[in-house]
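What follows is chain A paired twice: with chain B in the first complex and chain C in the second.
After this line comes the complex of A and B, so read on.
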């Protein structure tokens, strides 16, 4: 009885998930294979003829290879932000967890504020213009770091609490300086949570649309998410190209998902058990 | 051994005064993060409090008091944005809690293809929001869209999801749930997996049904997960911008405008003071709604 019910429940879940979750993704892929006239119909049909390659070529070369530039920009932005973010957040998490001072309360308040408060957009633009970083990739890197720090610090602090203090005390007694203790003893031990941090934050920053929209205007600086936005109006009548673009920019998250699924879930569910 | 002891002892003795002078956990470790965070997040946030009271061109600002905020309360399309934001946040976080919990219970039970189902439900979380938005805009096309064509096969006359002013906000909220429910699900799965099996066994021995086990064991014990899901999706819902911008740009008319899209529109129009006031309104709205909500959720937990 329960076996039969379980069987039906499984079948139902698989069919339902197929309709709700797989059909939209198949739709994207099918559209990327179609030619312009067939894509225009917007229906869920098998492509007539194989047009994927010509679609890719057309999307990539449009507007002076904008998509290629965008991929390079997004890669630089993601790699640079995440590298610095990981180091700075680990440093804060480490000292915050180890050293109890009267400032800890204030720092924790600022971290929670950072998780909650929406960034003040125009004043940030005004400030970036003031220091000459508006519309510059390195300015964008700093902004992404600033916005991602609170979450990364929380991840690190929780993990550092599980590393025994004796570990760093032993190193100190052996004469290690603070920097050595951190970079040679503690940081290597933090590897699991560092992987989680890298994976979660790279996906977030790679997929970020709002912040580059505000702080990184101009075609030369476009990130991959902005190409979609820019093409949305230009490709109004060529949905095949628009969906080819969507398919292309979904590849990096897909790769991350295939290889680091476990770490992503670990990072995103941190706090679910303890609260 | 003795050699180590001999060299070890004096260093340790020397290290004591060193420890007093310089902590092994130096405060300057905060510095890089503090400078970036302070300069690019805290400073603009504080500046927004002043600039929201001005008419502002980025080069000079005129102090106009609370005029911007008065405008926010007066102009119908701005008020609409305010109300929409709250509706959107309530709908998305409510649906994510219910569906996320249901899916998590299903995916921790003994059903076939669990791994596949978990992956399929979670993957949309990682996909570009704008990409999802554009895809669903096409799927929700009133006459040609796949959703309405599918409904037509069942004999249902599908609505104009994104073109009907009464429906547009809800349609976008549904897509938000589609994209975000995977996160709620994995959070709930983590919470449910952490519940010791003994409780379920004890409940079963006492003769509880599956439904009772869910109600009296699963639900109270995965409360931390519920709190996390509610807070995360509520804040996310209040701040949402990219999905709305990709799907409706706040339209038709102002029907699906939220504060975040109003902020962007006012920024584009060059009303920097008004845009910044929008930021402050959003900030206050989050503080006013989320802080009591968090306290309420956590206090109940303390009682149990």
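After this line comes the complex of A and C, so read on.
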């Protein structure tokens, strides 16, 4: 009895959050097992028969194996964007924290502006067309970097403040050039924040739907989120295939999250209190 | 191997001048200590020698080379920081070898040098550890190892012992002294601890507010401080001062009198002094002795009995507080009056501008 009295609130919270997170997920899984007619009902029922494999085959082969192309595109996009993002954001944070000039205020304002002002799509497309990067994967990489840079810089800068300046100076005395100081000393010490950055940004970029929709038209350029459009149209939607597709493209971010879960929290709070 | 030459070195941050023209020459192999109160510019001066701070004016020579605009890595220096500044993600081996790696030293030569440095500092068993697994003293050793492995011309130490506990500090101080003896390199050492300064230095540089107050050997500074600041800074407990008036001027002596003391004649360099001048008398706490017919009488405020000596805090009639160190154990009652005497030769007269009036050497001999 005392157990119930002591822990009922915690138990309630666990059950509540379990329902909020698990119900939609189990709905996706259940739908992926159904056939077309049962899926059309859109209800929370046990699948009649086992149709998962045929659903997967159909989803993957649709439109000339578009999902595979999309996975390749999304992987390239995510890896390239996140790699450059980590390096650039850490560099900007490092310089901003270490070198005080009278432009710092302006630069910080611009970074915050990048966080607050919504991106203007049409001018961006116009600019991309002007420099011949519209509808190209590397153009998309640049766009993703630009959109995610402010947040990453903020994460890094707070953490770089906790790395003693004497560390840089010791390296300089040891004969390190500026790039040596950054890549051999500072960047390795930033690892906790880098993990956070990698996870948060790669999930965000991998799951990005709207930006590839605007900036990356064409079947050859599809990213995974855009393949969702394969199975819905104005007049009919194959819900079993749609949900199978969702289940397939949810797996990679989920794995990333499960692996780095602990480090994300460590990185988010790193620098908050000196350990 | 090389010495150092500073020629009217200046440093200013905008309008504020922190180093106001320092002239100093350091011989090869000398151990030089910069001392001074916090904020006097001693660390800044060291960082200017290291190349971590730009030089606003003047010239810096390391060896015979003008080094004002030379990158730190090309100056032939190594520096040990107060916080050690070890790279936490590298093992001790990599920490010590980092500079060699950057200099693209071949692997076997690098390995030999790292092990050599580890042997000198007796830390061979620590090479595989990370800095986080080391104690304060061991980290200090690694930091020194990182410096010696590069075989620099000049070693720079920025308060390297201030993060250690008292016992370890004494040990490391001796080791540094030994290291200096063994390596024979030029060393520049910054500290605010005057015991470190007195014990380690061949030459002490006393700085205050960006100006060199005096340069000399530890004993020179103790016995013949150039001015009031050096007299008050060097020596522990600190020198006692009292304002007095000159009654008469003799040949190489002055007779002084003050509110707190009966007239007494002390040796001094007399040129320019006249009867009636206000001067300051300085006496070391150890130079005072209790005596029935003493010239100075004060009231006992506090007694610290250490067994081998007794430290007495006195208040003079003019409300000035003095410290007196008496030999042996004395039983004194707080509130009683105590008469003190001193050998005239141990007193130092400072004129109104604060400069010491040490008697000419022949006067001392008489």
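Points worth noting:
Following the convention adopted for this analysis, the second predicted complex is superposed on the first by the 238 of 275 C-alpha atoms of A that agree within 3 Å, B and C clash if a C-alpha of one lies under 4 Å from a C-alpha of the other, contacts with A are read in each partner's own complex, and residues count from 1 in each chain.
Note that in this section a contact is a pair of C-beta atoms (placed from the backbone, for glycine too) under 8 Å apart; a residue touches a chain by one contact, two chains touch by 3 or more.
These numbers were taken from a predicted model, which means no experiment stands behind them.
Applying the stated contact rule after C-alpha superposition, one finds that A:43 touches chain B and leaves chain C untouched. Using the contact criterion defined above for the overlaid structures, shared-chain residue A:180 touches chain C, although it does not reach chain B.
Of the two partner chains placed around the shared chain by superposition, neither chain B nor chain C is touched by A:192. Applying the stated contact rule after C-alpha superposition, one finds that A:22 touches chain B and leaves chain C untouched. The partner of chain A that touches more of its residues, comparing chain B with chain C, is B.
Judged by the touch definition given at the top, the superposed model places A:172 against both chain B and chain C.
Of the two partner chains, chain C is the only one touched by A:164; chain B is not. In the superposition on chain A, the residues of chain A touched by chain B in one structure and by chain C in the other are 169, 172-175.
Interface of chain A with chain B (complex): residues 6-7, 9-10, 13-14, 17, 20-25, 27-28, 41-44, 84, 87-89, 91-92, 94-96, 98-99, 101, 107, 110, 114-129, 142-143, 145-147, 149, 153, 168-169, 172-175, 178, 181-182, 203, 207, 209-210, 213-214, 224-225, 228-229, 232, 239, 242-243, 246, 249-250, 253-254, 256-257, 261, 264-265, 268-269, 271-275.
Put simply, chain A touches chain C in their complex at residues 164, 166-167, 169-176, 180, 184-185, 188-189, 191.
Those residues of chain C that touch chain A in the complex are listed here as 50-52, 72-73, 77-79, 81-83, 85-89, 98-99, 102-103, 146, 150. Residue ranges of chain B in contact with chain A, taken from their complex: 8, 11-12, 15, 19, 22-27, 29-30, 32-34, 36-37, 39-45, 47-48, 51, 56, 58, 106, 109-113, 116-117, 119-132, 134-136, 138-139, 141, 144-146, 149, 178, 183, 186-191, 194, 223-225, 227-228, 235, 239, 241-242, 246, 260, 263-264, 267, 272, 275-276, 279-280, 282-283, 286-287, 290, 298, 301.
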